[in-house]
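Just so it is clear, A, B, C and D label the chains in written order, and each chain counts residues from 1 on its own.
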Amino acid sequence: MAEKTYLQAISDGLRQEMRRDPRVFVIGEDVGVYGGAFKVTLGFQEEFGSWRVIDAPLSETAIMGGATGAAMMGMRPVAEMQFADFVSCAWDHLVTVAAKQRWRAGTPVPFVLRLPSGGGFSGGPFHSQNPESSFAHIPGLKCVCPATPEDAKGLIVSAIEDPGPVLFFEHKHLYRRIKGEVPDERYTTPIGKARIHQEGDDVSVITWGAMVYTAEEAAKQVDASVEIVDLRTILPWDKAAVLESVRKTSKLLVLHEDTHTGGFGAEIAATIAEEAFEDLDAPPKRVTAPDTPVHFAPVLEGAFLPQVSDVVAALREVAEY
Amino acid sequence: MAIARVAEPSGSLQDVKEWGLDREDLLQIYRNMLITRGVEERGHILYRQGKIPGSFYTGRGNEAASVGVATAMGPDDVGTPLHRDMGVHITRGVEPWRIFAQYMGRADGPTQGRDGNVHMADARLGLLAMVSHLPAMLPVAVGCALAFRIREERRVAIGWSGEGAMARGDAHEGMNFAGVRRLPVVFICDNNQWAYSTPTHLEYAVEHLADRAASYGFEGVVVDGTDVLAVYREAKRAIEKARDGGGPTLIECQTLRMEGHAVHDDAFYVPKELFERWAERDPIERMRNWLRGNAEMTDEDEEQIAAHVKKLLNESLQRAEESPQPDPATLTDGVYAAPEDLDTPHHK
Amino acid sequence: MAEKTYLQAISDGLRQEMRRDPRVFVIGEDVGVYGGAFKVTLGFQEEFGSWRVIDAPLSETAIMGGATGAAMMGMRPVAEMQFADFVSCAWDHLVTVAAKQRWRAGTPVPFVLRLPSGGGFSGGPFHSQNPESSFAHIPGLKCVCPATPEDAKGLIVSAIEDPGPVLFFEHKHLYRRIKGEVPDERYTTPIGKARIHQEGDDVSVITWGAMVYTAEEAAKQVDASVEIVDLRTILPWDKAAVLESVRKTSKLLVLHEDTHTGGFGAEIAATIAEEAFEDLDAPPKRVTAPDTPVHFAPVLEGAFLPQVSDVVAALREVAEY
Amino acid sequence: MAIARVAEPSGSLQDVKEWGLDREDLLQIYRNMLITRGVEERGHILYRQGKIPGSFYTGRGNEAASVGVATAMGPDDVGTPLHRDMGVHITRGVEPWRIFAQYMGRADGPTQGRDGNVHMADARLGLLAMVSHLPAMLPVAVGCALAFRIREERRVAIGWSGEGAMARGDAHEGMNFAGVRRLPVVFICDNNQWAYSTPTHLEYAVEHLADRAASYGFEGVVVDGTDVLAVYREAKRAIEKARDGGGPTLIECQTLRMEGHAVHDDAFYVPKELFERWAERDPIERMRNWLRGNAEMTDEDEEQIAAHVKKLLNESLQRAEESPQPDPATLTDGVYAAPEDLDTPHHK
């Protein structure tokens, strides 16, 4: 057990898996000598060589096609998009080949795709996106979005172990900012299980990624007793845990960093309205980014991203309903 | 400007022996081509009988290209054949009854009624099921080769593309990556002169698509795709070169798509004379003539083969018709893999 | 005024626009000599020549990049995907360039992308999809899904007139099956406005595309008075019309052909739960396809696609709540 | 195997005059290169002062390539320059103060604080704003050329790509389509030997990327990207050829990226000697020497130019700093175009 950053936790989990399982290899742009744009694989190429830490050409489809083919041949590829935004260049491969191959042809595709995502540092419209909602609509994929160092390590291990394609969304804003105790030994965190970040009785906040901390800050500033459910996995999502929380509090707030219309928050709010209709004492509420691309200038990006104050206002509104 | 090498036509029995084929192999190639065409012809009948839902595609004219390449593959090699490559499935040993079951959407088709047409494959035989999106499986073949290279196995992956689909980014990204890493992969371009209704001059502006190989740092070869032995020879060379660490090759097999794009298409846009000209180079007829002229194939041999094929197809059809409809209770099964799914032979 | 199929209506609307506006041109695979896989542009190349009816290589990104560039130079491209499924190959271009260019750089991208979509004829997992939900999450795009011949013509004209990128989802199952009176003259149908397909008092069914007719059939088989709202446009969607209908009936059923989780039905159900909470007398309900790819075999595809009987059962459940 | 033509270095004043440049043009080229570098150097200072949010990229070493090509463009031509091509914006007349405002995310930057860096362009000057995704704007340049071809206008589009981004499918699809239709487009590949930390041998396996042009049916040219006049000559030839209906050309400009990928990157992976060697071929120094040797540029000329550039940059910086922060009330504006937006000069 040691205190680690979120980034170190991912890096450690991945390195441990590479040491124990020769089938695991890394592929992506600048992941080798450079250690990846965020240095998650720093030193990996020295340890594992250039055929297990592969500097790929600037070819997102070749990277993911490569991962799929290698996975079908029994390897356990861990691919990296330099920024999650660039996964749009591999969209077809992911939704057409990787997501459907097991279902159609019986051939599982056990790869992990690491996606440094999220905003908060003036990355602008192409280095700040949270594309998890788009993928959470595609049957056959799994999408995980850890918020803590402990979960980041446990989920990267689970993702590698998973027999299918797993999209691993790492929030860049947590990389070096969030620290926590992380066990040294290998462990897994189950995919598809939410975590109660904070217990409470009055309002349930369902969220994931960096927004867990925004919710935490906001909860401190309201009188109500707030339960924060860190979803951890978006697809499949832990409906049972969310239902249980909402049945207890009778109030639902969904919070995500991505834009509003068609965001995954809609799925959560709709499902709860459908399945816990009688339990709700207030309309479900979503706090999200507005329907625009991500803004660059700090003054705009700040207005774009859900802030603590937005969550506080929403919590009050829901609590007082 | 032509850059690729234009392959010689096939030679004598002596030549062919040097490439590793004995007389039984040659008859087997011929038989596989007949089965390939037979499966598709029977499929067509099934379609007209209303027994095949959706659309129906064949690879008539491509039997030599598909059987020739598949014959050159080693037992542990893998490939991602496409919708004109029935001969690959046949040569690798997929039983025709399962193909008919697939056509008809029955439970015993390789996709159990989930997908149709030749959107199928048996991974235990080293084949990976194509998706419609062309040529999305080409980078996947490259990924297979990557696995072989990482593990230093002497295995080769074969990736197919039509000449039309070579215009897509996937072809480029896959071939470029394979070239950079000198991966053990062979690319087969089935150039049948049409992409649906689109002629080649609207698809590419280079003389031969195989010329593109040079721009990825490997060899390009143009071969007459109706000459099964020439295709075999070039595929064999390329596969063994890849196996020995010599990197990829792009082989362009020149044919004509002898029917419409799919069963609904009468190919009105293809000049009649073109069909007539290429009909004279029917790949099966060519091999038959070659066998009679070079390998002493007798009337008796032929009759025996024909009888075998006919029996096989009849029995296969019957067996397929007996295959049950898939069970709607399985509707949501298998979207996600279970850990046990990984323990299949191809996952080593 | 004449009776026309849905397909003819699209074809006529497009041809009329090409006759009146030399900036309008068509680009896609096999759209020229062949007239398109579904023959929507049959005869166009003879009339307009091969530089206004462009047979493109098998290159979805080149087609859409071509449309975007030409649109920015003042043309009005109408691009076609051979099947909507293949739009995955142009996903990056659409979400990265076309959707964001006006917002970022002030340069509008007035193109239309025609997408023959939907299942019901054993097209299998790659020729039957309804990808509108994925795009409805992307700010900057518009997504229209006409259900009637009249709307199909009016909306294709509006889409061409629109100053930005419009995705025009044509349901293949309606092409030749649905006929209706279509005015001969030019007219527009507003993007973003729903249409009341059938008035009713007890339950509101919100749907679009081919499902409008499934809802209509189902409505005949229940005792309740069913209001069917044909959304017509998914992005931006006509929230006001849906709210008005639900406030009247107090019961909401959302019906779509696409799969469940993260489908656009979630956005509608969530929004109504949020904004008409007090008006709802029953939980919102969604009838959708299950979370799998589209099945090929008729017996499976039938079970996969929402059927009249599924809607009947859901209507009864909601009505009797 | 090299296929592309390797261009000659720039010649004498007499040669240059024949290509259409008079002495004032030559001084203007030099001035534009100085402004280009100056803008980026000042930007770097702003960044270190904490005035530029996010990251910061420059095109040091690419000034000749970008200014040379832009100088060859006609007034109605259009282009899609990338993150190393500041010289294109400067040459087309974008005012430096607006670039500084863009860097700092101010309301007067071309994107009004919505996007950063050189992710911007002024469409009225014939430039289209790049997106990060490389080289997604290349097919867009092809689309511009398509519009020109449909309308039979004598205009040309220029599409840029780094050598790394040439590996992406977008490059392939765009160039293939342009080749098939012989569209009036010129492709510029800024080959600065690195894609972030990735060296060229891991990006492609052909000798010159310009060799790929042959596989799309058009001419490829390799030019020394530090020789602004040679770049100009080749760009001019290619642009006029395209204008006259001769179809596309791919010009590869060879340079070295003289800094890290972006400001946070110290380029530890680039051999020191490589930097030293290329520093001797600094494009601005080269042009300066050429002007002194061939065009009688005097100390006085130089001082005058330097003073002009300095004044311009100082005033621009000040003006940019006075530009207001964008107004959060505009947050959701402009996601959708209004009909009026179409009435801008470039939409003809």
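FYI, a contact is a pair of C-beta atoms (placed from the backbone, for glycine too) under 8 Å apart; a residue touches a chain by one contact, two chains touch by 3 or more.
These numbers were taken from a predicted model, which means no experiment stands behind them.
Q: Could you let me know which interface, C-D or A-D, is made of more C-beta pairs in contact?
A: C-D
Q: Report the inter-chain centroid distance for subunit B and subunit D in whole angstrom, where each centroid is the mean of the CA atoms.
A: 45
Q: Let me have the rounded angstrom distance from the C-alpha centre of subunit A over to the C-alpha centre of subunit C, please.
A: Centre separation, subunit A to subunit C: 31 Å.
Q: Provide the C-alpha centroid distance between subunit A and subunit D, rounded to the nearest whole angstrom.
A: 37
Q: Rounded to the nearest whole Å, what is the centre-to-centre distance of subunit C and subunit D, using the mean of the C-alpha atoms as each centre?
A: Centres of subunit C and subunit D (C-alpha means) sit 40 Å apart.
Q: Pull out every residue in subunit D that's touching 2 or more other chains.
A: Answer for subunit D, listing residues that touch two or more other chains: 111, 114-115, 119, 131-133, 167-170, 173, 176-177, 180, 202-204, 335.
Q: Two-or-more-chain contact residues of subunit C, please, as numbers and ranges.
A: Residues 56-57, 59-62, 85, 88-89, 92, 96, 100, 103-104, 125-126, 139-140, 291-293 of subunit C each touch two or more of the other chains.
Q: Between the chains shown, work out who touches whom and classify the graph as line, ring, star, complete or other.
A: Complete.
Q: For the complex, give me every residue of subunit B touching subunit C.
A: So the residues of subunit B in touch with subunit C come to 53-55, 105-106, 111, 113-117, 119, 131-134, 164-165, 167-169, 195-198, 202-204, 269, 325-326, 328, 331-332, 335.
Q: Taking the complex as given, what residues does subunit C use to touch subunit D?
A: Going by the criterion above, the answer is residues 25, 51-52, 54, 56-57, 59-62, 64-75, 77, 92-93, 96-97, 100-110, 139-140, 142, 163-164.
Q: In the complex of these two chains, what residues of subunit D are touching subunit B?
A: 1, 3, 167-173, 176-177, 179-180, 182, 201-206, 211-212, 214-218
Q: Which residues, counting only subunit A, touch subunit D once they are in their complex?
A: 29-30, 32-34, 37, 55-62, 82-83, 85-86, 88-89, 121-127, 290-293, 295-300, 302-304
Q: State the interface residues of subunit D toward subunit C in the complex, per the touch definition above.
A: Going through subunit D, the ones touching subunit C are 78, 110-111, 114-115, 119-121, 123, 128-129, 131-133, 136-151, 157, 169-170, 173-174, 176-177, 180-181, 334-339, 341-342, 344, 346-348.
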